[in-house]
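Two complexes, one shared chain (chain A), two partners (chain B, chain C).
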Partner chain A sequence: MDSQRTLNLKTEVSARPAVHRKKKKASSTAAEWVKKIVLLMASAVTAFPFLWMILSALKTKEEIMDVSAFFPQNPQWQNFTEVIFQSPIVRYIGNSLYVSVITVAIQLVTGAMITYAIVFMHFRGRKALFAIIMGTYMLPTAATYIPSYIILANMNLLNTYTGLIISSAVSIFGIFLLRQAFMQVPTGLIEAARIDGAGHWKTLWKIVMPMTKSSFITFGLMSFITCYNNYMWPSLITDDTRLSLVSQGLRQFFIEGGAYGTNWSLVMAGSAVIVIPLLVLFAFTQKWFINGIGGDTGMKG
Partner chain B sequence: MAEIELKHVSKIYEGGAAAVRDFSLDIHDREFVIFVGPSGCGKSTTLRMIAGLEDITEGELYVDGEYMNDVESCDRDMAMVFQNYALYPHMTVYENIAYSMKLKKVPKEERRKKVLETAKLLGIEELLDRKPKELSGGQKQRVAMGRAIVRRPKAFLMDEPLSNLDAKLRNQMRTEIRNLHKNLDTTFIYVTHDQTEAMTLGTKIVVMKDGVMQQVDTPSQLYDYPVNMFVAGFIGTPQMNFLEADCIINDGEVKLATRLGIIVPDKGKGDMLLRKGYTGKKVVVGIRPEDLYDDETMLSRFPDATVHTKVEVYEMLGDKCCLYCEKNSEKLTASVKSDTKARRGDEIAFAMDLSKMHIFDKDTQMAIVH
Partner chain C sequence: MERKKRDWKYSANVLLFVVPALIPLVVFWIYPIIRSLFISFTNWDYMSPTYDFVFLDNFIALFKDARFYDALLNTLIFTLGTLIPTLVGGLLLALLLQKHFRGSGIYKFILFSPWITPTVAISIVWVWIFDPDTGIANAVLNFFHMPGLKWIESSDTALLAVIIVTVWKSLGYAMIFYLSALEKVPSELYEACGLDGARKWQRFRDITIPSISPTTFFLMIITMVNSLQAYDQIQILTQGGPSGSTRTLLYMYYQLGFEEFDMGQATAVAMVMIVITVLLSAVQFRASKKWVHY
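Entry: the complex of A and B
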């Protein structure tokens, strides 16, 4: 009798967690589905304009204004060839890539140097300096246009890439992003590098940078996209069409006919083409958008 | 190889708090100097000032006669081992060890040779391709040492390098560090809060408290002739006993009346107390637990230096016994032979080895006579 009771007890005990587990599994699959549906909807909303752009690029001028047809009847692939070979769009893409790459490279170096000083060097007024830098972030960009324009004019740098590049040689956003990462680097490592005989320059690029690589990449990518898409400031300081960046170029060549004369399918094809470099970039670097300093820091916790 | 000289060095933080005050010390070539003291005593700060990681607020630092206050730490040619190792996580063990030589532009071949030599010395040859996160605490510690050794620097600075290791590994590494010092013929400066490490490793020990240097001496001198009650209590385990006593004259003899009994110091100590005018005043008698005896021979040998108390805790340590006693609210710890018959609750008499007795001024806490 007694032994049977213990046996019963045992089965009961072992059975209970199993039931529990099943329940948990069921509820978690439901949650999974909800999650998937929400994500699917969000993705659809995000992807729709892009899809529409591609589809519109393949439509004829008439089809594009006809809301009854979602898909083009005869895909007009020649829209793409026309845009690529008969418009200066490739040149604009080249211009944009050139300016963006140089700007980003300069921003990475200046950002890293300022951030290193703010985070790791001890000097009077360090906190005030950081406060001032962050303060300028609050300033609306438009408010800086006129003074910046005057400065560039005085330096004879209007209508040049040099002017365009040096006017965005420092990115406050980048400093902020790098600072968050640098602060995760243990001070002990900086001290160890200094003791090992590394100067500040070496410490920054050989110790700090490799440890905060993901932030550098994230910053570089975001900055690259901003530069590449930049419209307002470049169109203010350059009026030579040969120097135009993609956004400006797109506007000049496809919208200049006025709202009625615009060939929208070509505009869409042009837009699709200029996004290609960014898409390629994304394809290779999307994992870096998930930022953070990971893994072992070399210091015992 | 370096002669390091600190002249009235102070570290005062912006708020006015002083971490180190008026620290003067000559460190000779090939010395093994230990900075020891409780946490917050300024020992690490002093080391970091020597390394150049902290600014010196006041005073001067000279290395081989050269003024170093304003020299950047990267140009001081000193190696440092950090408490938390501070290995570069993105480099392999090999790269970690070789990094300082790479900075100095040592040719690759020579670099390789030196890293292998060092790795062999520390027994970490098979770890060279690993990253720090794949190492155990003891292995990281060795790599950190390797990184310092490979440079053949002017001086080795070590900031509590063993405190993150378990007891067994710590003993082992202690021996290895001592051997290293012997082999490398370089100045070592070592910070620890562990007095055992200090006593076993150092050729010169600097005891610090609240940013102030208390005493600089060899281990045996510190142990036998502590300058004040702090040093006396800090060096040695279990800690030295301190018994309050009235210094009186009775039958023409100087006697010390403690709450555990009257002690008659030997002639030399008695005369010293008399000469310095301590009669009628309060003093503190210091006696180490291992200088107390409960066996008959010693009790009969020192009949004038017997204290009576009661055992509260009996601790058997194998080779010896620790007796924690208390009577008349005066505590006393004795470390006696393991064959003692005393047990918890026993009334007990201890004979003091009078030659090992220290007497301190109660107010200033400074030693009067040893």
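Entry: the complex of A and C
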């Protein structure tokens, strides 16, 4: 598609008179420059908080209070070792990893199954079911928090990961993403598999899943990021700090070390220890985000 | 007889595939919303096992409360203040990055990266950036000979600060959606309008904008819902203050429910939020018939 586009462009340019072409070239290089500058500025502003976080983490207590000291004189790497070895930050990372891996695995299975039913199975109320799911997607999640809290309290699941995981066992966004992908799978293929004697379970994982693998990966990654970073709901249902996920733990660390202790370098080092692995993960998986989530946004349903 | 057995088996299969997602969906989404409506008609305080039905008292009290109208206004300003820059900025960046060029991947990486980082971690960094005395935000303003601001410490600028952080975080997300929408605009459309006559701006207005309107519509709904339930950045940056200037409806709901344990009042706010979401979505769906071209 891209090569076709450049081809069109070429014929377009050569069809023009020569003088016209020159003028166009001058204005287009100017446009290129404006474009570069805007992009550079936008990227600089976007990246700045990350840069500032890392620079601040490497400063001494005196330097960090002095706005004119942009770069640290002697990078204080021990701020990082202190955070990693003497604070519970690494523990929070472990907690977040544990909870999000399990949650994502469950969400992938529940999401794939219900989407398979909605797209490939015939039953009464199929459309209504999808309409309900779509409706919940648009409602503010927080409106469910008080009753959900009470339900978990009644089940004795406050302050447990079980409570956190079962209350996030389904991802509505994931169902949307998979539905768009499943609808591209030719129904003939499903029927053929069924005639060959494959059960629905087998058809889903052996035929549909391999054909829509990229949507599964995008769903998994998006959902992982959401669970890993999740803040409001986990902090409402757990007050045991040993169970904190990264966001809740970091806030605790911030209150103890930042707002009252004013040890900003350590707080920044703590943030950096949590943020940098995510940026690295993103660097390796970026195509799944960038190509995957834009996808089809047909809200027609 | 045989057929009946097969039908029965088929239904069992459907059930098997639907139930694993349906149970959490009903228990933690649908039932809680109905339950919230029920609680909003009571004076339950969470601690005591009993409660009375007060019917509309919670709503009447809410509609008489000045805090509620402040929160409503804050929510409106916050929603529009994040929605418009996010969509316009996201589209602009997508247009600039539409054609592949050397380094375009790096720009996309940087611009999208705020979205994947925890809002809490990055809000803490912004607290530090916004510090009136030692923060870099005021250092930048001073550099351009502008007076420093109190940022999150003043009720005049706190909401602006929260909006800046939110737009900073969501811009890349909108950009990604616009990038894939722009890629799908059929190139024949551009050719059909004639390359000689139509100016770039005209082409943009008459072809690009209508072609990507479904994405704009989708992003409007998503950004609106996200803004209505923004919590993390408000909790870290301002806790709804100073003097309620960043208390949105959602934050009011949180304070009433989980700080004051006034469950009746809190769920009443939740109901108002749901009604607002439904109304706004309905209005947008209605309006979309006029300007969205599938």
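We adopt the following convention: the second predicted complex is superposed on the first by the 243 of 301 C-alpha atoms of A that agree within 3 Å, B and C clash if a C-alpha of one lies under 4 Å from a C-alpha of the other, contacts with A are read in each partner's own complex, and residues count from 1 in each chain.
Just so we're on the same page, a contact is a pair of C-beta atoms (placed from the backbone, for glycine too) under 8 Å apart; a residue touches a chain by one contact, two chains touch by 3 or more.
In this text the structure is predicted, and so the values were computed from the model without any measurement.
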Decide which partner touches more residues of chain A, taking chain B and chain C as the two options. C
Just chain B (first), just chain C (second), both, or neither: which does A:Val38 touch? second
Just chain B (first), just chain C (second), both, or neither: which does A:Gln252 touch? neither
Go through the superposed model and pick first if A:Lys202 touches only chain B, second if only chain C, both, or neither. first
Regarding the shared-chain residue A:Gln184, is it in contact with chain B (first), chain C (second), both, or neither? neither
Which holds for A:Thr60: it touches chain B only (first), chain C only (second), both, or neither? neither
Based on the superposed arrangement, let me know which partner A:Asn159 touches: chain B (first), chain C (second), both, or neither? neither
Shared chain A contacts, counted only where both chain B and chain C touch the same residue: 295, 297-300
Quick one: which bits of chain B touch chain A in the complex? Just the residue numbers, please. 51-53, 55, 72-75, 77-80, 82, 84-90, 99-100, 103-104, 131-133, 137, 140, 147, 151, 157, 164
What part of chain A is in contact with chain B in the complex they form? 122, 186, 188-189, 191-199, 202, 207, 210-211, 295-300
Which of the residues in chain A end up touching chain C in this complex? 1-2, 4-5, 8, 12, 35, 38-39, 42-43, 45-47, 49-50, 52-53, 56, 64-68, 109-111, 113-114, 116-117, 121, 123, 129, 132-133, 136, 138-148, 150-151, 166-170, 172, 175, 200, 225, 228-229, 231-232, 236, 246-248, 250-251, 254, 258, 264, 267-268, 271, 274-275, 278-279, 281-283, 286, 289-291, 293-295, 297-300
Touching residues on chain C, where the partner in the complex is chain A: 10-11, 13-14, 16-18, 20-25, 27-33, 35-36, 39, 89, 92-93, 96-97, 100, 105-114, 116-122, 124-129, 134-136, 138-139, 168, 171-173, 176-181, 183, 187, 191, 195, 214-215, 217-219, 221, 225, 228-229, 231-232, 235-236, 250, 253-254, 257-258, 263, 266-267, 270-271, 273-274, 277-278, 281, 294
